[in-house]
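Both of the next two complexes hold subunit A, though its partner changes from subunit B to subunit C.
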Partner chain A sequence: MKLTRKKQQLVVIIAFLLVPIILLGVFSYYPIIKGTILSFADYNMLTSEINWVGLKNYRWLFNYKYFYVSLLNTLKYLIVVPFIQFASMGLAVLVNQQVPGIKIFRTLFYVPVITGSVIVSIAWRWIFDVDGILNYFLMSLHLIKEPIMWLLDKNMALFSCMFVTFWRGLGYYMIIYLAGLQNIPSELYEAASLDGANSFKKFTKITVPLLKPTMLLCFILSSMSALQVFEEILLLTEGKSQTTTLMFELYDLAFNKLEFGKSAALAIVLSIFLICLTFLNFKIFGLGGEKEK
Partner chain B sequence: MKSSLRKKRIISLTIKYIILILLVFFFLFPFLWALSTSLKTATDVFKWPPEWIPKPISFESYKYVLSELPIFKYFINSMIITILGVLFNVVLSSMAAYPLARLEFKGRNLIFFLIILPMMVPMQSTLIVNFITILHLNLFNSYISVVLPTAVSSFGIFLMRQNYLSIPRELEDSAKIDGCNEFQIWSKIAFPLVKPAAGALAIFSFVAYWNSFLWPLIVLKDPNKYPIQVGIAYLNNMFAQNYRHICASLIIAVIPILIFFFFTQRYFIEGYQGALKG
Partner chain C sequence: MKKFVTVLFLILTVFTISFAAKTVTVEFWTLSLSTFSDYINEVINSFEAANPGIKIDWVDVPMGSIQQKLVAAIASGKAPDLVNLNAQYVLDYVAKNALQPLDEYVTEVDKFLYWEGLWNGTVIDNKAYAITWYVGPSGVMIYNKQLFEKAGLDPNKPPETWEEAIEYSKIIKEKTGAYGIQPNPGGINNLSDEGIQLVSPDGKKATFNTPEAVKKLESMQQAFKEGLFPPDFIIGDWQTGTQKYSAGELAMFPASTMIKHIQINSPSIYAVSDIAPSPRKKSGVTRLDPMNLAVPYNAKNKEEAVKFGLWLTSPYWQIEFSKLATIVPSTKVTLETDLWFVERAEEDLNIKAQMMSNSSKLMMYAEDSTAIGKIIGASKYSEFKRILDEYWQAGIKGEYTAQEALSLAEKECNKLLAE
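Here is the complex of A and B:
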């Protein structure tokens, strides 16, 4: 039996698209709709009963002390984004040099990424211990007199978590920037050299503009993950010492306190933030083709 | 003149190596410190000043961790989950993207838009409802429940579509003349041409699944099914302040990862290059 081309195509279209569409419907679209409904309701896990409560969950949320603490912390966490980006761009330029053995260095810098957030957070917790190696190191250099409570001090703990995020993100973005750098045709640099451009000029006039799409990608990825930070908080401080974040509260409300409705309301608030941030990133990097200042 | 140039080169090379080696220390020292701690005796762990090279070296914590704790089981679980996830992502994206890029049909752009849209929606807003869905599907505490909600990757479909679009029409036409049916055009012509992009996608999802923590923590109940990230966090809770055992389990967890990475690292770095070109 031979089908006509048109019919064959129809079979391919349906066979290739059906499963993905069903899965997206069940695990992306349905949760968005149902999640929005849950945020206006009380949900009973055992009976699957939904009781409409109007704005009660949101009102509760906006009167909840830790909502503001976690909101502020989540916004503070964004500070890590520019640091991570500039440092990893610098790293990428460094490991893009033609030095013998550079591939080994690239691999070693990537090790924190491949070992995973949980493992590195736990390793760092031991370093941050009050009697840990970091305090010992700083004290023996006479940089500090008293041991610092890296993870217990309310003014310090969040920054310690941010440092771990920074540290484990560097290798990840380094590789993406490196790939971006290597995709820039070398003829451009040669032509610029002929025109007498120095390396600083080459960097600002060729590297930066051509790296812009990569930068956009990396800024979006890292600001999204900064706003959703969870593992570092859970494993370093368990949300104590004023380090709770929106994501941590969301988890805590839903899966420890079984307050699905309240957690769903928080999820809506967090989602709005994430969507705004993505638009902001697009605006800053101007994919519409505006020139940078 | 020539020798001064050489001297300059040597000096700049030396400076670069010093910076690179300092950075290696910066990136590896938590692991080295964990290694050192794991080899200490119970009394030496809190010794002040701390020592880098323990004396005497003790393998007690390793003996304990290896005999009592299922770290290799966690590793295998991670492998199963990651391979399942990568397979789903790559296969479904490679297939779904093809008609969206190469075949004409009604509503194509609308379907593409609807597939891409979830990229903008953060995973948090779906967490709770997906958990409820998994419970209702009776998939709670199964490997498949860990990968199912992310089996279709919007990003993956987007990436693959970009790559399919760049295939010249002529190749398709000549395949038709050679008697290929529509399925064969995909399997023999189109898919082989986008394999590098599929490889890049595989790397992206590998890292994502290997590192995933929150979702497996929610949908797996039996500690024997925990992937390594969840398992280590669980042990960390169990040991409370026993850093010697925690560090030994960290080191045991890291070793297979490093061995695996050592053999596959080429693909990681090239994968990103392929993805950005697309």
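Here is the complex of A and C:
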């Protein structure tokens, strides 16, 4: 049997799509569906017992003190997003210059991204130690009189964790912005120069508009990372000093307390937040260049 | 001839199959004990030689990944037959009906070998869920005699009570600049040490908000404010405590298994150190966090697993283990009965700590650190601990007054216990 050209194309398309669909199905859609179902059950994973409890897990969650503490901390964590974005964009503009040795700077800024999280946590715990290098440095410069409890003070600990997130993420987003910057045709800048535009005008009228799709991507990625922050909390404070976040609670419920139903309910709530925030990002940035047309 | 060979072959095959069928393989998981592989293998070889039908398949799992691995193994029906768990994990798994009660496999004669306080640590609703194994040296501390001398204190007279320890710490801080002592940051531990009942006998009401509790918290708050404790002890960071002690910045430290670490990494500090009992607890009870051996409910070879568990935790093998690691056996045969330890106690601080911690007087009144979990229920234990620890530590840091911290903790714990 000979297939028509159209059918042949269809077979090829399906063949190419099948692999990602299977992978997404197994590793994304199945867990989402299963997680949603489990959020309505008291599920004992160890004995495979399932008791359907309706909305009980959600009711429990909304009466759970640490849900609100972690929710507030997670929302506070979003503060890091604009800082990390503007700093990495600025950094990308700087390392986009064609000067000798610029690649060394690009590499150096990227090193925190590839450094293992355990090493990062040990290093930063040393730095943030009450007797650590940061307090020593600030006291030597007479900027503070008494050592600051960076990871112990409930008003300070979350911001210390946020700073580590900022430090770790800077290089990652810088690379994405750098790729975006290098896609902007240089003719546009040349034309603007001929028209007498200064650097600020070029940045606001050429760079920023053409970087919008990249900015959308970076804001979505960093917002999602901020809402799902876990590693920094686990490794720096273990959720103490009022630094617990939704993701930390989710992990604690599932893998320390073995409460998979309650953990699934929390995961659903977190997902709703993520969806809302992504929607908001799309609203703010539009759909990149397409909408501009 | 051909017929004879065929018959012989068949007989041999049947014999081999029947022999193989009788061999039971017990899968045994330990927690981060790969450093002691020679010892574990020696125990396994001795057990296999004494029990020809049982083979032990040993797997060492890093402490940090035991939870995920064990949950996955039990859930998928591939549970190990015997697994090394701490007291908290035993409590959590019992709450989820994931452990096998061992009473039908263990006799009264077997139980008599272990300290009652430790054995009963895993008895929940009158069912024993684990065989108690080893504990880290508790009720003892390492202290820096040189810092004592510099501060003008008698290096051979370490403090005996909490009040004395605070007084010593003030002098040490003033004269040397070093921190005095690293206390336990947990609310449950501190209140239990004071002999304060945490909950009512029926487990329905928190009873820890007493004048004695307020007094203890106030003393810790004041000491913290004066810089007598290394501040990071609040996040339970024993590693930081070890580093501070190793650097000569901390005078008294309940080092437990970390003494070896100090000995190897900071020999000059180790050389001027000694071991002493920790400041006396008003309760007279030492709280221990024992390592246990448990059998998952769906393990395939339960009886054989328990048999091996009893072998591994026998007085002989625990004392042998104590010669290699800074641990204390859970059995009533103490290290004092072994000449190897007696001869070395004065020259090695690890052994001195082990001997001091393993005294009959101390072990007789010991209880496991999760004892409260048996009264309030395993499912509420971790939440109760979290609330109490959180307010206790906030109180130490001065975020609340001692009375406020305890009242808030009481209110939230009562809400939890009433659920």
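Operating definition for what follows: the second predicted complex is superposed on the first by the 261 of 293 C-alpha atoms of A that agree within 3 Å, B and C clash if a C-alpha of one lies under 4 Å from a C-alpha of the other, contacts with A are read in each partner's own complex, and residues count from 1 in each chain.
Convention: contacts are C-beta pairs under 8 Å (C-beta built on N, C-alpha and C of every residue); 3 or more make two chains touch, one makes a residue touch a chain.
Since this is a predicted model, take the numbers as computed values, not measurements.
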First (subunit B), second (subunit C), both or neither touched by A:Val229: neither
Partner chain(s) touched by A:Ser241 [first = subunit B, second = subunit C, both, neither]: second
First (subunit B), second (subunit C), both or neither touched by A:Cys161: neither
First (subunit B), second (subunit C), both or neither touched by A:Gly180: first
Touched partner set for A:Phe255, first subunit B, second subunit C, both or neither: both
Touched partner set for A:Ile84, first subunit B, second subunit C, both or neither: neither
Partner chain in contact with A:Asp131 - subunit B first, subunit C second, else both or neither: both
Superposed model, subunit A: greater residue contact from subunit B or subunit C: B
Intersection of the subunit A residues that touch subunit B with those that touch subunit C: 45, 48, 129, 131, 255
Complex interface listing, subunit B residues touching subunit A: 13, 16-17, 19-20, 23-24, 27-28, 30-31, 33-34, 37, 46, 48-50, 92-93, 95-96, 98-100, 103, 105, 111, 114-115, 118, 120-133, 136, 148-152, 154, 157, 176, 181-183, 186, 207, 210-211, 213-214, 218, 228-230, 232-233, 236, 243, 246-247, 250, 253-254, 257-258, 261-262, 265, 268-269, 272-273, 275-277
Subunit A residues touching subunit C - in the complex, by the definition given at the top: 44-49, 65, 125, 129-131, 149, 151-154, 237-238, 240-241, 255-258
Subunit A to subunit B touching residues, read off their complex: 3, 5, 8-13, 15-17, 19-21, 23-24, 26-32, 34-35, 38, 45, 48, 91, 94-95, 97, 99, 102, 105-120, 122-124, 126-127, 129, 131-133, 136, 140, 167, 170-172, 175-176, 178-180, 182-183, 213-214, 224, 228, 230-231, 234-235, 247, 250-251, 254-255, 260, 263-264, 267-268, 270-271, 274-275, 278
Partner subunit A, residues of subunit C touching it in the complex: 67-68, 71, 74-75, 92-93, 95-98, 230-232, 234-237, 240, 244, 249, 297, 382, 390, 393-394, 397, 399, 412
